[in-house]
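Taking it in order: structure first as structure tokens, then the write-up.
Note that the chains are named A, B and C in the order they appear, and that numbering of residues resets to 1 at the start of each chain.
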Amino acid sequence: MVAGEHAPSGGRNWIKTVAYAGLIILLFLLPLFVDSVYYLHTFIITLIYTIAACSLRTILISGQLSIAHAAFMGLGAYVSSIFARELNWTPWLTIPLGGVSAMVVGVLAGYPLTRVRAIYFSMVSLFVGLAIVALMGVFQKYTGGDIGLIGIPPLPSITIPGLPTINFLSSKIPYYYFFLLLTVFCLMILHSLENSRIGMSWKAIAQSYLVASSVGINEAGFRVLALAVGCFFAGIAGAGYAHYNMVLTRSSFGFLSSVNLLIYVLVGGTGSFFGPIIGTTVLVIVPEIFRWLKTFAPFVFGGIMLLVVFFMPQGIAGLFEQVKTKFLHFQERKKPRDVS
Amino acid sequence: MISDVAAQTVVNVLMLSSIYILVALGFALLLTVLGILNFAHAAIYMVGGYICYQLAVVVGINQWASLLISMIAVGLLGLFLERVFFRPFLKDMNRIVVVTLALIIILQATINVTVGSYIRRIPSFVPGVLRFSGVSVSGDRLATFVIGGVLLLAVILFIRKTKTGLQMLAISQDSDGAALQGIKTHRIFAVTTAIGCALAAVAGSLMGAILSLSPFMGDIMLVKAIEIVILAGIGSIGGVLIGGLILGALDATLPLFISGSATDLTGLCIIIILLLIRPQGLFGREV
Amino acid sequence: MFLETKELTKNFGGLAAVFQLEMSVREGEIVGLIGPNGAGKTTVFNLITGFLRPSGGRILFDGKDISGKKPHLIAKMGIGRTFQLAYLFPEFTVFENIVTSFNLYPKSSFWEALFKTPSYRRKELYILEQAKEILYLVGLEGVKNVLGRNLPHGYQKLLTMARALAIKPRILLLDEPIAGMSLEEINYAMSVIEKIRSQGVTILLVEHNMRIMTLCDRVIVINFGNKIAEGSMEEVRQNQEVMKAYFGREDAA
């Protein structure tokens, strides 16, 4: 066992690995079964928001409930779009650049924010988000202001010798694979960080910043690090979105979008890495299914939230954990107890 | 002419500040007494406006009576919300965030389904323009300021002079200690929420007469309420008045000098700089 | 001198909680810091460990001025502490509580942690070994996998000591290490403190329960943030000032 890896028994680990591999293979095969452009679009959006929600949770486990995350997505989106549009840089370069610029702004805003904690942090982070969105309005010349930014280049086609050229404008399938790979990549990094000494320090600060600093954890440093990592991936997600959607409006990165991301994370459950993944999937796909309800559709969204709050204190992922613990206890009772 | 503009600006500042303060005061009370960040507060403000509209325009009863009924009805709604949605989750920040955000969505959808999303307007409470020695000001705007002022005075007197009000203050200082002193905290929580919601309802109704009503009018107001509370400093009720005045002044005058989103940015920058210098707000205790 | 305060002063809104305090601890000693309620003992601890900034004066540790430094930097210099209330990480198990507290030696970089490099794994394995040793030293191996918040009070106090040991302190500041414990637990906790000292850790402790003073080589008595007596327990017991501080006016004694 290495710090942060909670599973005490090695025996169940291979089941986990097989389950993950199976899930990822299934997701890779998905376009074979789904040929509706509309469904693919929904899946792509789910993937983009999954990256954003997971990166938001990284900030959250360090005890910082940020209400600015969508703004950092927007920052990445605009930086990437502007560099690709005005300077003709390739999106393969501007997407990481979008992530880096979101990270830089996150760090700059993060240092002063370490002076406040808990609810106060949340409220101040709200202003940071609003200021970023307002800034987008001020640089109207580059961002298109409230009319929006159009003509963002799509991802350039990829030519691998011996294989047919992958053209991102031909259909949504190449985009689906791009975002699936991107999501797997981002989530692997976030997962690795959480299950390391760094992740433990984040969680320690969230539980008691006094104790954490008494054992030498640099509270401000680790909080800013969480923001840097979280904002970087938000920027990546936003930049990817820009080159997929090819149109940006700043209102899609405002207060309500940040709140939406927060809902995905909290409804999914903050206690588990899979919380935001489950939360995003449920809250993006279920409302799509109930679209025919028209003006009544928001009740479905709100209803899910209330259901979770009243009956699943640890979020949807917490429910899985509860079931798992019950199941394990059941198994343990059947096993003869060994004295160790 | 110049004095006319000046007078109107002053009235605008006072009017906007009154509305901000009415909403922010309830928000701040819930924050300090119950210890919750009630995102749904501005949605309640919106609901208050629509109840007043339905009564005055659709049902057609006296407008002032509608305002009063809306205030009482939303106060009762507050009692219900506190009992069912806030009380079970008071100690759990994550769940309070989810529940109050869910309330926004549900309240907005309810209004959207029952009234519709078209912009509505409540007729003027005080129609026409009033003239004072050469300067003319809109009657509605002045009325808003007067009603706001009277209500604020009433609430402050209530907090400072009645037993219930003093108990509210005690809880906001130290809720565990207050419970040990035998204060029935749940009763105070209920009263606080009812008052906060009723104030928001009045603000919503007045706003409906000055500008207009929309199911999404709360979104901006929520941000304003949070701005004021941050400016004032957590735990400072008096600071809310000053914070509301400052924000009202900024919002009513900045558009005269700067245009578009630069207004938002300037306001936000002023607040952020202030927070960097004084993280506990203008009148807050150390956080 | 190992740890030394010079004219250390802390004001809270015009009220001096600590006023021109001069005290010192030699390497290898166990020193008791005692005094009536509100004498400023915990404030002194918070000042030494950086949780409060002094209003005046200096704190020297091993010859270096540490006054006003950030808590985590002071921890890094080898000053460990426990808190009066048994602060711990409630959502971590006992073992995780200790493992998390190993932040300083050995230290891994961000990239090492991200890619779980062999060097990172080696360091983590070393930490696990060290954490186990501390677990045995303090006697918590039986409750290793219990969550912090489910731990009984006596164990919580032991855990806070174990956690402080993880930073490999040269001096350990214990804030009421035996408060609220049963007699049996007190005897056990005292044996643990004795063991910690035998490993070469200097100890400065605050305690109301005089039973622990048998461990101390020396006690320092403070009142109103100022030192009023110093010496062996016997010497201090006979000091007039101390009698006055503890029992009020002389006529009340």
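Side notes on the structure shown:
To be clear about the criterion, contacts are C-beta pairs under 8 Å (C-beta built on N, C-alpha and C of every residue); 3 or more make two chains touch, one makes a residue touch a chain.
Since we're looking at a predicted model, the values are computed, not measured.
In terms of which chains touch, the assembly is arranged as an unbranched chain of neighbours.
Taking the mean of each chain's C-alpha atoms, the chain whose centre lies closest to the overall C-alpha mean is A.
A separation of 41 Å divides the Cα centre of chain A from that of chain C.
Centroid to centroid, with C-alpha atoms defining each point, chain A and chain B lie 33 Å apart. The centroid of the Cα atoms in chain B and the matching centroid in chain C are 48 Å apart. Under the contact definition stated at the top, not a single residue of chain C touches 2 or more other chains. Interface residues of chain B, counted against chain A in their complex, comprise 31, 37, 39, 88-89, 92-95, 97-99, 101-103, 105-106, 108-109, 112-113, 219, 222-223, 226-227, 229-230, 234, 260-262, 264-265, 268-269, 271-272, 275-276, 279, 287.
Of all residues in chain A, only 65, 112, 115-120, 122-124, 126-128, 130-131, 134-138, 140, 145-146, 255-256, 259, 262-263, 266-267, 270, 295-299, 301-302, 305-306, 308-310, 313 touch chain B in the complex they form.
Against chain C, in their complex, chain A makes its touches with residues 1-3, 8, 189, 192-193, 196-198, 200-201, 203-204, 207-208, 210-211, 213-219, 225.
Across the interface of their complex, chain A is touched by residues 49-51, 70-72, 75-76, 80-81, 83, 87-92, 96, 99-101, 103-104, 108, 110, 113-116, 120-121, 124-125, 127-128, 145, 163-164, 166-167 of chain C.
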